[in-house]
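Alright, structures below, take your time with them.
Two complexes, one shared chain (chain A), two partners (chain B, chain C).
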Partner chain A sequence: MADILVDIRGLRKHFPVKGSPISGRKSAVKAVDGVDLAVYRGETLGLVGESGCGKTTLGRLVVRLETPTSGEILFEGENILGYGGEKLKAFRREVQMIFQDPYSSLNPRRSAGSTIGEPLLVHGISAGRERDEEAARLMEKVGLTREQMGRYPHEFSGGQRQRIGIARALALRPKLIIADEPVSALDVSIQAQILNLLRSLQREFELTYLFISHDLSVVEHMSDRVAVMYLGKIVELAASADLYNRPLHPYTQALISAIPVADPGRMSRRLRTRGDVPSPIDPPAGCAFHPRCSRSSDACRDAVPALVEREKGHFVACHLPG
Partner chain B sequence: MNRPMKTDFWYRFSKNRLAVAGSAVVVLLFVLSIFAPWISPCDPAAIDLKNILQPPSAKHWFGTDQLGRDVLSRMIWGAQISLKVGFVSTGIAIFIGTILGALAGYYGRWVDAVIMRFVDIMLCFPAFFLILAVIAFLEPSIWNIMIIIGATGWMGITRLVRADFISLKERDFVQAARVIGAGDARIIFIHVLPNCMASVLVAATLGVAGAILTESALSFLGIGVQPPTPSWGNILTAGKDNIDIAWWLSLYPGLAILVTVLGYNMLGEGIRDSLDPRLRS
Partner chain C sequence: MPPILQIKNLSTHFETARGTVKAVDGVDLCVNEGDTLGIAGESGCGKTVLALSVMRLVPRPPGRIVSGRILFEGEDLLAFPEEEMRRIRGKRISMIFQEPMSSLNPVFRIGDQVAETLRLHEGLSSAEAHHRAVEMLRLVGIPAPETRARDYPHQMSGGMRQRVMIAMALSCRPRLMLADEPTTALDVTIQAQILELIQGLKREVGTSVVLITHDLGVIAEAAQAAAVMYAGWVVEQGPVERIFSSPLHPYTVGLMNSIPRIGRRPAGNGYLNVIPGTIPNLLELPSGCKFRDRCARVMPVCAEKKPALLEKTPGHSVRCWLYV
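Our next item is the complex of A and B:
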């Protein structure tokens, strides 16, 4: 068995919503609702799902931008949720994040060089000329030039800005990088460049990625394993090729059938789902997907399906998989 | 935020005639204040009892007052006082307002509740009467005036900075700063505050105008800058006593106050519109 870097156990994040003023009943958005997930050292674990399914919240929980309602996150065997002060700061060196929107993830008033060098300053790793030199090296690593160090974010294109964000994430030499939709805001030709950069950096720095995206093709291209999320829960988890060739969960099947095929001769057989995603404040009882599922049964309405290993390495949370 | 800010700003600012006129007034006042000892034709305190309440003439362009002092010289020195009061009291207001606004917006929850309720309480008092009440207990020196005007004028800035903080702290670059391990102080002062300075600058420019007006009013009532120190406000007081025989004592300082306040307002609005043309009303 491979080495587990991050082990997420029973993780929940509920955002409280203002309760009704009459009944006083409090409710909560169940953004992440009981997730168990292990990330192996050196792999890229893709996390897909439609918007609002909780994948970004899951990523933010792992970097401790949010505090979970319950559950555990073990990083190299240690629960990070109790960390504070110096221990949290030390943890920050191990786990970094790449953000979705390169236009908002860089401080408009700080030059590229000072943004990239800031982690080194904050952690007291290097200072002065040494830090500038390291920032310059990082810029070259991500395909920018050291001459661009003094420039400000508005002087860069979207793709270049994302490269700055990647360099900032690399500065502390982390073991794990949470990439939260790193290419969704970029146009397609730039997407490929950034994805290739991420892959080559992964080899060079022995990185582990938790790659969050709603784009199934991008995730397939990047990931060793893929987890599919629906309404705060993992519904299917398998090796990438396995999941795309033989999806077992009806939700995954519908998602994969919706990937556009660039071949007019091949009519794709779309599996349709009914209705919209239910509200995460009041998700359906039983299997959360049952109101939209083509093969739901009584069991689906009553019992929450557990995520079980149907085939080797292929986990599904469905009463009627296949 | 994503465009070359500086060049766009100056381009739009230079196209705005009112803003340019406003900045001309402000620059002129600066020059007058700084060079007052050399520019003013007479000693502002020189009493000449043989020439009291003389109308404007070639020797005394703006006439003389009830003690025979040259009104023009007194007004030039008065500009210095106005400017000093305007900037120092606005500086105090910005200092208090920015810090409280940053704390309220960044920490939220009970910190926000306490600070904002305090702001509401301060806003409940009619500002001018609050100042009058405080001055009643203090010596009406120019420094006390500045402190009081500043200490009663920070609430608007607090609200502005708080609102900016609330929206900026959710931005990804602030989240990114947290992920790299930056502490609260670093996030507040290095990442968020520089990004809300634009709106503070506008509020400050408009605040200077308000402070100058308040100082003039206090001096007019005799509880601001005390004679013999010249101030536009206390020249007006003398003008009020002699308005039937010496119109120049009321007209010129009145015009000076009007033009100055107007100038600062036009400058402030010009900066605001040039920073973000979408805000133009």
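Our next item is the complex of A and C:
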């Protein structure tokens, strides 16, 4: 049995929103709404889903930038939600996040070298000359040069800024990196450079990735397993090849058939989903996907389907899978 | 049939404090009647400025169309007085802008905004314009269009706003539509709906389309012809099957190789092929070919002289010394 690094159990995050002025009833955005998910040591677990389905919130919960409404997160078997003080500080060394937007995630008044070396200082690992040397080494690791250490973010391109963000995440030698849309803001040619970098760093430092993206081709390329999220819930989870070859959930099927294929000879047979993504404040009863689904039944309107293992390692939450 | 749009040696420059940015630098391009031409290229290569030039909407100053001709149905748009251009814009040529939120007016109901275009260009009465506006919203797949016409832009999702923009762009049955990244901000499923919509409306109305996107998959699915831009140049143009099956320019080849493709993991170590380096700063362009410092097949001549866009096989042109 593979070794579980992170075990997410029954995790919920509800953001309260102002009650309706008429009914006065309080409501909440159910950004993450009952997620069970294990991340194995050394793997890349891809997380896909439409905008607003809760991917970033799930990532922020795992690094403890957000406190869950309920549920637990075990890291190497220990519940991190009970952590405080020294334990929390130690945990923060183990888990790092790379952010979506390379433009706003760097402090414009800090040089590249100082940004990358900052975590070393905060965690009291190194200072002064030693810290600068480590920052320079990290810059070279991610394909920048040590001569660029004194430069500020605006002097770098988007792809270079993303490299700085990656170097900063690596500084503390973490075990887990949450990469939240690390290439979405980049052009295809630069995107390929960053994806290759993440892959080679994973091999060198034995990293585990939770790789978040709405680009299904990128996720397929990077991931060992893929989880599909819809309105705060995991609706399908499988090994990458299984998920793309034999998706069982109608939502996954629609997502995969909607990917534009860079191959004019092969016109895709597109499955239609109707309508827009519903509101996470007032999600549909039963299966949240049923109003857009092509094969919904009475059960789909009444009962929330549980995530069950249909084939070995292939989980799906659907009353009528296949 | 003559092409509906023919751009000849077009240059659009911006005067900035740090120098002249040649955003569009001698572009030749051709759109055949009834076709969709996809334009691809990295951020900052001049795609939006090219489209704005056709609409004659380049902000001036700092921007200026410095040379070239833009033949639309055989007539040079650059020779028209502004008055005439205003009648063409929105009626015979329309544009879907990259930012849907910023091009819808937040204080007007969306039905009124669509109707306004129709009143202006088609001379319809208020009642007729409103009726047609609702029909257009229905056509672009807005559910309950009579009710949704009363919505303000912020009450709609991103996908719905984008469809409203398309309804506006198509309401006067234009001959040519310029769609600047119409689906980039959207999810794949909504993106697929919008692309199908543009295709369907194209068939019904007979509009020719220029589709700007950096997503090559979108071009492969929706276009008949494709052009690849690099730092203000068109480096390759041709029928879409040719561009994808036998790209000529080393930059196009690099782009094709760097896209992850489902079910086709790169063999061996799993790394994608990449084009090394980044797009040059438009203020410090290399001499000769603009792509040469990233090109694996660079030759001495590439540093000396700029290559010209030359037709290699009928309809397939490339701007590269390898093919001279």
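In the analysis below, the second predicted complex is superposed on the first by the 320 of 322 C-alpha atoms of A that agree within 3 Å, B and C clash if a C-alpha of one lies under 4 Å from a C-alpha of the other, contacts with A are read in each partner's own complex, and residues count from 1 in each chain.
In the analysis below, a residue touches a chain if its C-beta (ideal position, glycine included) is under 8 Å from a C-beta of that chain, and two chains touch if they have at least 3 such contacts.
Model, not experiment: these values are computed from the prediction.
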Checklist entry - Aligned on chain A, chain B and chain C: do they clash or fit? => result fit
Next on the checklist: By the touch definition at the top of the document, which applies to A:N196: first (chain B), second (chain C), both, or neither?
Outcome noted: second
Checklist entry - At the Cα centre of chain A, what angle separates the centres of chain B and chain C, to the nearest 10 degrees? => result 80
Item to check | First (chain B), second (chain C), both or neither touched by A:I259 | outcome: second
Checklist entry - Among the partners chain B and chain C, which is in contact with a greater number of residues of chain A? => result C
Checklist entry - Which partner does A:S104 reach: the first (chain B), the second (chain C), both, or neither? => result first
Checklist entry - Looking at the overlay, does A:V188 come into contact with chain B only (first), chain C only (second), both, or neither? => result second
Checklist entry - Nearest CA pair across chain B and chain C in the overlay: distance in Å? => result 8
Item to check | Where chain A meets both chain C and chain B, residue numbers | outcome: none
Next on the checklist: So in the complex, the part of chain C that touches chain A is made up of which residues?
Outcome noted: 42-43, 143, 157-160, 187-193, 195-196, 214-221, 240-241, 244-245, 254-256, 258-263, 265, 270-276, 278-279
Checklist outcome for this item: Residue positions on chain A within touch of chain B in the complex are 63, 65, 88-89, 92-93, 96-97, 99-101, 103-110, 118-119, 122-123, 153-155, 165, 168, 171-172
Item to check | For the chain A and chain C complex, residues of the former touching the latter | outcome: 50-51, 157-160, 187-193, 195-196, 199-200, 214, 216-218, 220-221, 244-245, 254-265, 267-268, 270, 272-273, 275-277
Checklist entry - Which positions of chain B touch chain A when the two form their complex? => result 1-5, 171-173, 175-183, 186, 190-191, 194-195
